[in-house]
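Heads up, the next two complexes both have chain A, just with different partners, chain B and then chain C.
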Partner chain A sequence: MSDSETVIQAEQIRHAYTPGRYALNGLSFSVRRGEVFGLLGRNGAGKSTLIKVMTTLLRPSEGSLRVLGLNPARDGRRIRSRIGVVQQGESFDFTTVEGNLDIYGVLWGLPADERIRRRNELIARFGLDDLRRRRSFDLSGGQKRRVQVAREFMHDMEILFLDEPTVGLDVIMRRTLLDSIRAEVRRGLTVVFTTHNLEEADYLCDRIAVVDQGRLLALETLENLKRLYGGRKTIDLTVSGTEGEAFYRSLRTRLGEDSTVTVSGRSAVILASDPKGALAVILALAQERGVGLDWLNVRQNTLEDVFLKSVGHEGESIGSA
Partner chain B sequence: MALPNLLRLIYRNIRVNTDPGSLIILVGLPAMYLVFFGFGFQSLAGGAGSGSYIDYLTPGIMSFQAVMAGTVGGSMLWADRRYGMLAQLLVGPFTRLQYLLGIMFTSVLFALGGAAVMMGMALVLVQVPAISAVAVLVMFAVITLGAIFFGSLMLLIAALVKSNNAYNSVQILVIFVVNFASTVFYPISSSLPAALRYLFLINPLTYIANAVRGAFTGTLTASDGIQLAVLAAETVVVLFLATRAYLRSDVTLE
Partner chain C sequence: MRMGRVWEVALKDFAELSTNKAALFGLIFIPALLTLLGVASTYMVTREISLGHLSAAQAPAAIYASLLLLLLIPTTNSTVVGSMSVVLEKTGRTLEPLLATPIRDRELLWGKAVPPLAIGVGGAYLAFGIVFLAGDIFLASAHLPIEFPGGMGLFAMLVLATLLGILSTFVSLLISSRSKELRTAQWFSFIVALPVFGGVIAAFAILPHSWVDYSVAVAVLVALTAVIIWWTTDRFERVTILLGSP
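Moving on, here comes the complex of A and B:
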């Protein structure tokens, strides 16, 4: 198999938990061998459902899906024997950290010597030495997450699905995990990764799919996503007083289609193709309405701005799949 | 050489469910019944002229292991759904059916192991009658059938119930009613109220206890055979319902 081979191919995937209410609504994309494919979206966007569909836990209601060239409806077990999954929720056996890794090795059919070697290596790599004899259910949230991720590396795989793997991890452990994933990717592993954390996506992902309400709003390489907004800058704004809502309504009207205003309480993030012009409008409007400006800042776009822009327009695609 | 999937699942189930707490429930509780009830009620039973009560109780407690192992089986599914391991196993190289069979075989092994321990205890504690190898095989075959029945029943409950409290309540109720409305501890007496006698007669544990006791004492009758046939038919039905409920159930409890 070549490195540029497609390992996941989804065409118009739809899934409804209840008839007519689609958690996934016509998703089409492909994942290439050896890439880190990020799924970005807010809570309830459909990311976890998509992971469940790709890992054969759920069958899509409609559409066509191939994972590693196989059909999940017919070849689920063959697919699952070649993938690894770290689920969003915790999953543990009632035993020690060491026991959890060991049992997982047995479940995946590792010979005893290899099982012990990998277990010890992963315990060291994920900083679990002090915890190895502790029962998993006595661990803190972050410690559990470390064990869960470490455990998945007990077996070989071609695709690793990670559903928000860094939730609850401290900064150091988060970086350790991301670096571990990078190292595995260099060895040829394909990673499908969901996260809320845009910095992580920025750090790790080759391509990012922005999902909202079960739809794909954007799918681009990181560079392309940023290039899409390259001519724009971001203005962060916080106003004082009680006129904020009316102020932002007027601001939206005056800035027109070329700018995007995402409001949260008294604050707003404004993506502007003409930041100087937008600033002039903001200042004039503030004076006109007697609204105070508590904070005003102009900066380069970040991935977060791209995300806000894409989910700010429901159902409107901003990129090509 | 790697073990087949089913054996790996059974290994995992045994390893995870043989912690001291689980063993106390699985073996310790029936052992205490055997010792405390066996010796405690000896004087009452002896006074009634029915011989050694512990001789009567031992096959009953061996049969009771089918119920205990069944509850462990149900608890395995419940805990795996509740704590995420069912979903984790099902995104691994296993099928749903293998997972179900893994639990069922583990339940049977626990039932047989527990029954062997109870029989061993009885041999040590009192002078039980000599038991032939055939009788032992019959007893273990009946207990296997019983473990599949109660394992299926508890899997059905575990697949349907949504909350921890509900599952625990139902489990305790099942153990209590099935255990004490059966011939495990005492025979069906004509002095029992009719409704209670009816409950004894439809209780599958009564059939198991009667057959195991028949083999234990060498007094198996045609009636025991009929009861076992009924139990086998019930087992098929409950196993079918449990499998269907399990296959349709959510793999996680959110």
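Moving on, here comes the complex of A and C:
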């Protein structure tokens, strides 16, 4: 390994499902031992493909990748025996919860007594006691997710890859799951985590990579990402009537390139480096056009604003990889 | 190769198959129909001999002709189950979590091979057992001076059934692992499996019925099966399974 603390090292990796159309397009990054590394991006951004490449399910078409110091193309099985992967699909739907955990014990070659000990411990830790004899097929989406995460802990691992693990979970269950992941991170586990949910990325991740169209748009610590936009504030605005589109078109022109206007119907999110000036422009334009304002709010930037800004400008990098 | 892993994959596939009612119907209906036809054929042969329409010397050929039809069971059942096996998991995205574990490609392949083999070859054994038993009963009750093909005849048929089952299983698994949708997998699997079945039938219909001819035919089938197993094992790789590339 180039650095003893680096567990994943990617250099200009590209992957094309069909020739010339890259799902991953020149990604370079590294993941350090013991950190929670978030992959943030909209649907089709390349997050799941990246997870598949890192977990040896797909080979990069170009570039170099080392996972735990090993080459995935040559040492796939050695890598897989040292990682855990929670994916969006489910493999053992027709087995009981208990059976699911047992299977993972068998797949990782645990002796029977150790398997039973770990299984019982995980069933208790993940609150699955009432469900242990039910088939995964009959569980709710959230309960299934808990089983999927719990069974990964049947074996020892150095990196846990989580591909949108909280999809379908209610708020309480989501927080329980994130807390149990946090607890494992405190014990030294490295986590690579993809999500659409910016709040949970904010809650869990040490560093966040924003991916769009297979490219890395930003890679920073959460604090740095927010600091990059620290001088800016966000204005939430909703106009009344049907003039929204024309109003926002004029607003964009008047605010210029210093501000970003993301429109959704009658509402818009405006990232402004000069919020006072932007407010004056908004009010003047509304008065001039006779447009009523249903909602106007000025607030500090959130991760969501950073995300919108980064993916809104195709190819523009806002951090250092 | 760890047998525990192979067995877990097989159990998982059996569990999934048990919930697929349409597939189960086909897997039971065709063998049941063929078994019924086999029993009816042996009854008809016995009756024709009793009525003097067929000589005792013609009886073995007539009986074997009806038995050969039962070889469709390992061919069709193993092909149906094998061709569904990988491609349905790919389209349902249920294979990826399993592929991300330390399971070896070979363990996955053999685990996937167990259900089509058990259903195809096991079904054929059962069908042959029923038809042989019925044949013995018909001939014995008619007090005819001929014997239904005995232990060696049954053994010869079971060897053929086993080889056809293995061949169909591995061909269909290889095709299923390279296909992106079920219909393609089934279509191409049958395109390969049915001519092999036809070849076996033709060989035994044309060749004189001697053990030497039988041994040559079986040796050819064994060689073909070995090549298919080797080829499938060589080409069954998790990376290409997910991409479904040829």
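The criterion applied here is as follows: the second predicted complex is superposed on the first by the 316 of 321 C-alpha atoms of A that agree within 3 Å, B and C clash if a C-alpha of one lies under 4 Å from a C-alpha of the other, contacts with A are read in each partner's own complex, and residues count from 1 in each chain.
Convention: a residue touches a chain if its C-beta (ideal position, glycine included) is under 8 Å from a C-beta of that chain, and two chains touch if they have at least 3 such contacts.
Given the structure is predicted, the values throughout are model-derived calculations rather than measurements.
Student: In the superposed model built on chain A, check whether chain B and chain C fit or clash.
Tutor: After superposition on chain A, which the two structures share, chain B runs into chain C.
Student: Between chain B (first) and chain C (second), which does A:Arg59 come into contact with in this model arrangement: first, second, both, or neither?
Tutor: Second partner only, chain C.
Student: Check the residue A:Ser30 against both partner chains and state whether it touches chain B (first), chain C (second), both, or neither.
Tutor: In the superposition, A:Ser30 touches no partner, neither chain B nor chain C.
Student: Give one of first, second, both or neither to describe whether A:Glu90 is in contact with chain B, with chain C, with both, or with none.
Tutor: A:Glu90 contacts both chain B and chain C.
Student: Between chain B (first) and chain C (second), which, if any, makes contact with A:Pro111: first, second, both or neither?
Tutor: first
Student: Which partner chains sit in contact with A:Ser267 here, chain B, chain C, both or neither? Use first/second/both/neither.
Tutor: neither
Student: Show which residues of chain A both chain B and chain C reach, each in its own complex.
Tutor: Common interface on chain A, chain B vs chain C: 55-57, 76-77, 80-81, 83, 85, 87, 89-95, 103, 106-109, 161.
Student: Where on chain A is chain B touching in the complex?
Tutor: Of all residues in chain A, those touching chain B are 55-57, 76-77, 80-81, 83, 85, 87, 89-95, 99, 103, 106-111, 137, 161.
Student: Of all residues in chain B, which touch chain A in the complex?
Tutor: These residues of chain B touch chain A: 2-3, 8-9, 11-12, 15-16, 19, 79, 83-85, 87-95, 251-252, 254.
Student: So in the complex, which bits of chain A are touching chain C?
Tutor: 17, 52, 55-59, 76-77, 80-81, 83, 85-95, 103-104, 106-109, 148, 161
Student: Can you list the chain C residues touching chain A in their complex?
Tutor: Counting only chain C, the residues touching chain A are 2, 4-5, 8, 12, 15-16, 18-19, 89, 92-104, 238-239, 242-243.
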